[in-house]
Amino acid sequence: MKIRIVVPLAIDVFNNIALDEALLFKAPDTDIEVVNLDGGYDRIDVYSNEKTITYTLPFIVDKVMEAEKEGCDGVFISWFGDPAVDASRVAVNIPVVGGFEPAVHMASLISTRWSIISPTPGTVSTFRMLARKHGLEENIASMLTVNVPLTDERGIEEKVLPLVEKAVDEDGAEAVVLGCTGFGRLASNLARQMKIKGKPITVINPSAAAIGFLESLIRSGLSQSRVTYPESLL
Amino acid sequence: MKIRIVVPLAIDVFNNIALDEALLFKAPDTDIEVVNLDGGYDRIDVYSNEKTITYTLPFIVDKVMEAEKEGCDGVFISWFGDPAVDASRVAVNIPVVGGFEPAVHMASLISTRWSIISPTPGTVSTFRMLARKHGLEENIASMLTVNVPLTDERGIEEKVLPLVEKAVDEDGAEAVVLGCTGFGRLASNLARQMKIKGKPITVINPSAAAIGFLESLIRSGLSQSRVTYPESLL
Amino acid sequence: MKIRIVVPLAIDVFNNIALDEALLFKAPDTDIEVVNLDGGYDRIDVYSNEKTITYTLPFIVDKVMEAEKEGCDGVFISWFGDPAVDASRVAVNIPVVGGFEPAVHMASLISTRWSIISPTPGTVSTFRMLARKHGLEENIASMLTVNVPLTDERGIEEKVLPLVEKAVDEDGAEAVVLGCTGFGRLASNLARQMKIKGKPITVINPSAAAIGFLESLIRSGLSQSRVTYPESLL
Amino acid sequence: MKIRIVVPLAIDVFNNIALDEALLFKAPDTDIEVVNLDGGYDRIDVYSNEKTITYTLPFIVDKVMEAEKEGCDGVFISWFGDPAVDASRVAVNIPVVGGFEPAVHMASLISTRWSIISPTPGTVSTFRMLARKHGLEENIASMLTVNVPLTDERGIEEKVLPLVEKAVDEDGAEAVVLGCTGFGRLASNLARQMKIKGKPITVINPSAAAIGFLESLIRSGLSQSRVTYPESLL
Amino acid sequence: MKIRIVVPLAIDVFNNIALDEALLFKAPDTDIEVVNLDGGYDRIDVYSNEKTITYTLPFIVDKVMEAEKEGCDGVFISWFGDPAVDASRVAVNIPVVGGFEPAVHMASLISTRWSIISPTPGTVSTFRMLARKHGLEENIASMLTVNVPLTDERGIEEKVLPLVEKAVDEDGAEAVVLGCTGFGRLASNLARQMKIKGKPITVINPSAAAIGFLESLIRSGLSQSRVTYPESLL
Amino acid sequence: MKIRIVVPLAIDVFNNIALDEALLFKAPDTDIEVVNLDGGYDRIDVYSNEKTITYTLPFIVDKVMEAEKEGCDGVFISWFGDPAVDASRVAVNIPVVGGFEPAVHMASLISTRWSIISPTPGTVSTFRMLARKHGLEENIASMLTVNVPLTDERGIEEKVLPLVEKAVDEDGAEAVVLGCTGFGRLASNLARQMKIKGKPITVINPSAAAIGFLESLIRSGLSQSRVTYPESLL
C-alpha cells in the first residue's frame, strides 16, 4: 500500500524528519512518500494560529486530491491540529487523517484520561474544540504547553519532561499525547525517562498513531463515512 | 456603529436580501453595509460541503480584515455554518460572528432544546460538530433538512412548515432555528402559521440573532476572547 | 422600546446604580425604568442563600406581570442568580431575563471556557446547578468567590482583580463573568488593568449582556418558548 | 423516627391518600404525619406550571421549618417537581426530599436509562431541567405525558399503561418512574400488568422512594450538604 | 426482612466488623447475616487490582445465588468497587448492591459534587469508569487516595482527615464518600472533626448507604431492572 | 510480530473462522494464532448475559498470561463485549484488546455518530455501559438487535441488512459497527449492498479493527497505560 504524507508547508526542510519517523513505525508492505504544498508558507511558526493556517487550507486539499489521482491509498496531513482534514475527506475517497484524531483515539483506548503537551499556548483552545467536536472532551486530563520556539530542539527536550511529570503527578493523566508532529520523536525517550523515575507512562507519538490508523483502515477496505463527509459534486 | 455583512460569494445577487433583512432588525444608530468576496464562487450551492467552502476561507478572512481597516465596529459573515469565523477572530480585534453561534445561543436562552432546519442533508453532521465545539450538543432536539434547491423559493416555503411541525410534535423541540441565512425571512411567517395551528413556537432567524449579538457586544465594548483567539503576529 | 428593570428588594437604594449602568449600554431608542418589590427585604445580603430568596419570588412575579400590563416590552430581573425567571416567563408574554443566562451565553459565544467571580461561597453550587440546567456546565473553567460584604466597595475592587488573574493563569479561563449585578460596573476597569499586566481578557458585565439580549429579542419579535414555559391558565 | 409529609396545598383532600401510601412502604419504627400549607391553593391543577407553584413556595418553607421545630427527623415535600426543596434544605438541618430526586436516583441504581410518565406536557421541560441540575440527564430514555385531568382516576389508569409499554418497546426504557406523587399507587399494578404481557419492567413510585431515602439518611445520621446548601443566617 | 452481606474473601476476619456496622444502621425488622466465599483469597490486599478480583467473581455470584435460594430478600456485596454486581443481578431476582452505587447516588442526592477517598491509587481509574458507567462522572469533585496498608488502622485514620479537608478546601467537594467498605466506620468521627474545624461536611459510609438502599427497594417490592439485567436462561 | 486470538469458549469450532478472518486483514509480517479456554462453556449462547460470562473470566485471564509467557506480542480476546479485557491488561505487559473498544474508536474517527447492530437484546445495556465507560456514549446513534440464534447463518444475513438501512434512514447513523465478532464477515457484503441501494455507509468489522489496533500499538512499542491498569503484584 502507498501512504502519502503531506507536510503543510511550502518548504521541504521537515520532509526527511517526517519520512524517517514514518519508516520506524510502518508495516513492511507500506510505501511512504512525503510532499509539500504548492503555496502557503516557508516558516514553521505560522501553524501557531488559526488565521495563518486558513490561508494554507486550499493548498492542502489540492495535495490530497493529487495523492488520490496518483494512486495513493491514504493520506496523512502531518500537523497536529488536523488542518483541512474535514474538507479533504469530502474531496477524496481514500482515507485521510491528521495528527490529532488518531492520537487521541489511541490514547482513549489504552487509558481513561490523557494530557496533551503542545508547543504554544495559542493552540490550547483549538485542541479543546477539536476534542469536543469528536466527543472526547471528558477524556482530557489537562492541556499543557512548552512555550519554546519549535526550532529550539534542545529547549524542547528539556521542557517537555517536567510537563509529562506534572501531567502524571498533578493532573491525573494516565497517558500523554505529544501535541505536535514535531515532538513525536521524543516519545520513546520520554517514556524511558519516566520509567527510570518510577512513574511509567505511555507517551503517544501522533505520527505513529496516524500511520497505524491509515494502515488499519486501508487493510479493512474502509474510509471516512460518506454520510459524515458527503461527496462533493463540484 | 457600523456593521459590515460579508456575503461569502463572488457575486452580489444576495446582497439586497441580506441588507433588507438586517434593516428590519437593527437598532436605529446602526449602519449596515454588505460586501462580497474578491474571489471564490459565483454559485450558491457550493456552500453545501466542506471542500468547496474551504477554497473561499482565505477570501473571507481578507474581507474581515478589510472591514476592520475601514473602521467597521463588527462583522457578520452571513452563512449559517460559520465559515472562517475562528480564523477571522484571530485576525482582527473587532467582534466577528457567523450565523450558527448567535442563533443557537439565542435558542438556548429562550428554550431548553431546539431543532435546526437546514437546506441539505450534507450539512447535518457539520452542524452537529459545530454544536459540540461550542458545548451545546445536549440542547439539540433534532436536525432536519428540506432537501430543495436553495433557488426554489416556493418549494422551500412549502417544505419548511411541515418540518417545523414535526420538530414540535415528534422531536420535542421547544424552539426552531432556521439553519440557513437564506431561510431567515421565513421565520415570522412560520411562527404565525404555527400559532394558527394551535402550536405556538419560537422560530429564530439567524441573521437577526447575529445583528443583535454584534450590537450588544459593540455597545458593551467587548470582542472575542484574546485567550481563545490569540492575536496573530504574522 | 421600553425595558423595565426589577431590582428584587423592597428598598430603592440600588435603583440609581442599576439605571446608570443600563444607560451606558442601551440602544438610543430604548427607555429604561427601574422598580422595586412591594414586599420582601430591605437588605442586600438576603440574596446570599436560597431560603431568603424564596420569600421574594412571588413579589418578583407580581412586578413582572405589572410590567407587561403597563406596556413594557421586556423585563430584566436584576440579580445574577435568575430569581423567579422561569416562573415569570410562564406568567407573561414579553421576554424576561435575569443576570445569569445572558452573561454565560455571551461568554460562551466569545470564548470556550469562562470563570464566574461572585460575592459569596454560598452561591457557588447554585450557579453550577444553573449552568447545568441550561446545558453549559462543560464551559465552566472555575467558580471563584470574593467573600467580602457587598457593601464594602473598596474591598470588592481590591479583591476581584487577583481572582481574575487566578482564573486566567491557573484555571484556564478564556473570559470572566462577573457573577453579581452589583459587580458589573467593575468590568471595563478590570479588563483595562489585565491588559496593562499583559494578560488581556474579556470581562462580562451581566447587566450589559441582559439589556443586549432583551433588545435583540424585542427587535426580532421573539420571546421565551411557549413550549418550555407554557402559558398559565390560572 | 418521625417523618412529616408536606402536601403543598391549602386543602387536606389528598392527605389520606398520601398517608396510606406511606404506611405501605415505611419501616416499623417510622411515624408518619401529613400536613398542609397555611396558604396557597385549594385546587390540584395549579401544580401544572411554574408560575402558580412559585406563589406556594414560601408556605412550603414555613411548614418545613415548623416540622424541624416540632421535632421531626425528616420531611417529604409530596410533589414530583421538588418545589422549595433547595430553599428548605438551606432553612433546616433535618433532611428534606421531594418526589423527583429520590425516584430518579433509585431508577438510576437499578437500571441504566429510564422514562418518566407524568400528567401534563407543561412539566416536561421542568423535569428535564431538574434532571440536568442533578447531573442525570443522560439517563433519560424518554419523557411521556398522559394529558388527562388528575381528578379523572379511571382515565389515568387507562392511559398510563400504554405509555409504559411505549417507553419499553420504542424508547429503550429499562425502568419507569411515575412522575406524579398522585400516580404512585399505580406502580405495583402497572408492573404486574407488564409482567403478564411478557415485558417485565420495574415501575418506581416516587413516594416510596422518598420515604426510603429519608429513612436511610436519618438512620445514617446524614442530611443535606452544608456546602451545597449553606446555613441561612437570616 | 433478611439481608445477607457477602464479604468477598475466603476468610472471616472481617465478618464481625461488617456485621457490627450494619447493625448500627439497619431498621429494627431487618435481619443481617454475613458470609464469605467458598474460594478466592485469604488476604485483603488482593482487592487493589482488577486481575485478582476477577478470580473471585464466580465465587461471589455463587454466594448471591445461594442467598436467594436460602430465602434472603437482598444481598450486599461488601466491597466498594461493586465486584460481580452486574453478573449477580442477572443471576437472581432479589435486589443486589455493592458499595459504590448506593454511596454515590446518596452523595448526589444531598450535594452537587463529591469526592471519593479510597485506599490505593490503583483503584482510581476503576472508580472513574464505574461513575461513568452509571452516568455520574460530572458529579465527581476529586478522587483522593490514602496509600496506607488497609491493615494499618491508626495510619488510615490519621491520613484520611487531611484528605477530607483537601477535598473541601481545594477540590470543591460538597460531600465526601469513603471509597472502601473498611473505611466506613470512620465516617461519623470524620464529620465530627470537620465540624470542630468549622468546615461541616457530610461523610458517607458506603455500608450504611447500601443497607438503606436495599431496605428501601425491598419494602417497595422492587429489584434490578430485568431489561438492564435480563434473566439468564443458562 | 505474533498476535494470539483467544476465542473465549472451551470448544474450537469457531477457531477457523476467527483465523481466516484475521488473515484477511493482518499485515504480512504478523503471525496469527488462535486458542481456546481450558474451562468455561462449550456453547456459544452463553455470551448473551453477564452471569455466564463471569464464570469464564478467570480462564480468559489465564490464557492471556500464557500468551505473554509464550512470547506473543499482543492478544485479541475475540468477543464483542470485551470480557476480561480490564483484568488482562492488569495481568500482562503486552497490549490486550477485545472487540468493542477498537471498533467504536475506529467508528468515531471516520464518522460522528454510529449504530451498533448486535445479536441479542440482552446485551444492549451492557454495550451502552461500555460506551459510557470509555467516554463515547454521545457518539451512539442507535443500538439495534437482530434477535436470531447465532447459529442461524442465513437468518442473520437476512436480518442485518434492514437494520443497517434503518440505522442510516431513521437513526442518523453515519457508520455501522457490527456488534458481534461472529458478524464481522458480513461487513464488506453489507457495505456493497448498501452502495447498490444508493446509501453508501461504512460498516466496521470488529475483528479487523482489533487486529489493526494491536499491530499499530505493537509497532509503536506501546501498551495499556500502567496508571489506568496498574501492575498486579499478586
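For clarity, chains are labelled A, B, C, D, E and F in written order, and residue numbers in each chain start from 1.
In the analysis below, a residue touches a chain if its C-beta (ideal position, glycine included) is under 8 Å from a C-beta of that chain, and two chains touch if they have at least 3 such contacts.
Small disclaimer: the values here were computed from a predicted structure and weren't measured.
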{"item": "Chain F and chain B - chains in contact with each", "value": "A, D"}
{"item": "Centroid-based (C-alpha) most distant chain relative to chain B", "value": "E"}
{"item": "Fitting chain A to chain F on CA atoms, where both chains share a sequence, rotation angle to nearest 5 degrees", "value": "180"}
{"item": "Inter-chain centre distance, chain B versus chain E - centres from mean C-alpha coordinates, in Å", "value": "51"}
{"item": "Intercentroid distance (Cα basis), chain F paired with chain E, Å", "value": "31"}
{"item": "Centre-to-centre distance between chain E and chain D (centres being mean Cα positions), rounded to whole Å", "value": "26"}
{"item": "Residues of chain D whose C-beta touches two or more other chains", "value": "111-112, 125, 129, 132, 135, 138, 174, 227-228"}
{"item": "Chain contact graph, described as a line, ring, star, complete graph or other shape", "value": "other"}
{"item": "Complete list of chain pairs which touch one another", "value": "A-B, A-C, A-E, A-F, B-C, B-D, B-F, C-D, C-E, D-E, D-F, E-F"}
{"item": "Chain E partner contacts - residues on chain C that touch it in the complex", "value": "124-125, 128-129, 132, 137, 143"}
{"item": "Footprint of chain B on chain F - complex, ascending", "value": "111-113, 138, 172, 174"}
{"item": "Residue ranges of chain B touching chain A (in the complex, touch as defined)", "value": "45-46, 49-55, 57-58, 61, 84, 86-91, 121-122, 125-126, 129, 132-133, 135, 227-230, 232, 234"}
{"item": "Of chain F, residues touching chain A in the complex", "value": "25-29, 95, 97, 101-102, 105-106, 108-112, 134-136, 138-139, 168, 173-175, 188, 200-202, 204-205, 208-209, 211-213, 215-217, 219-228"}
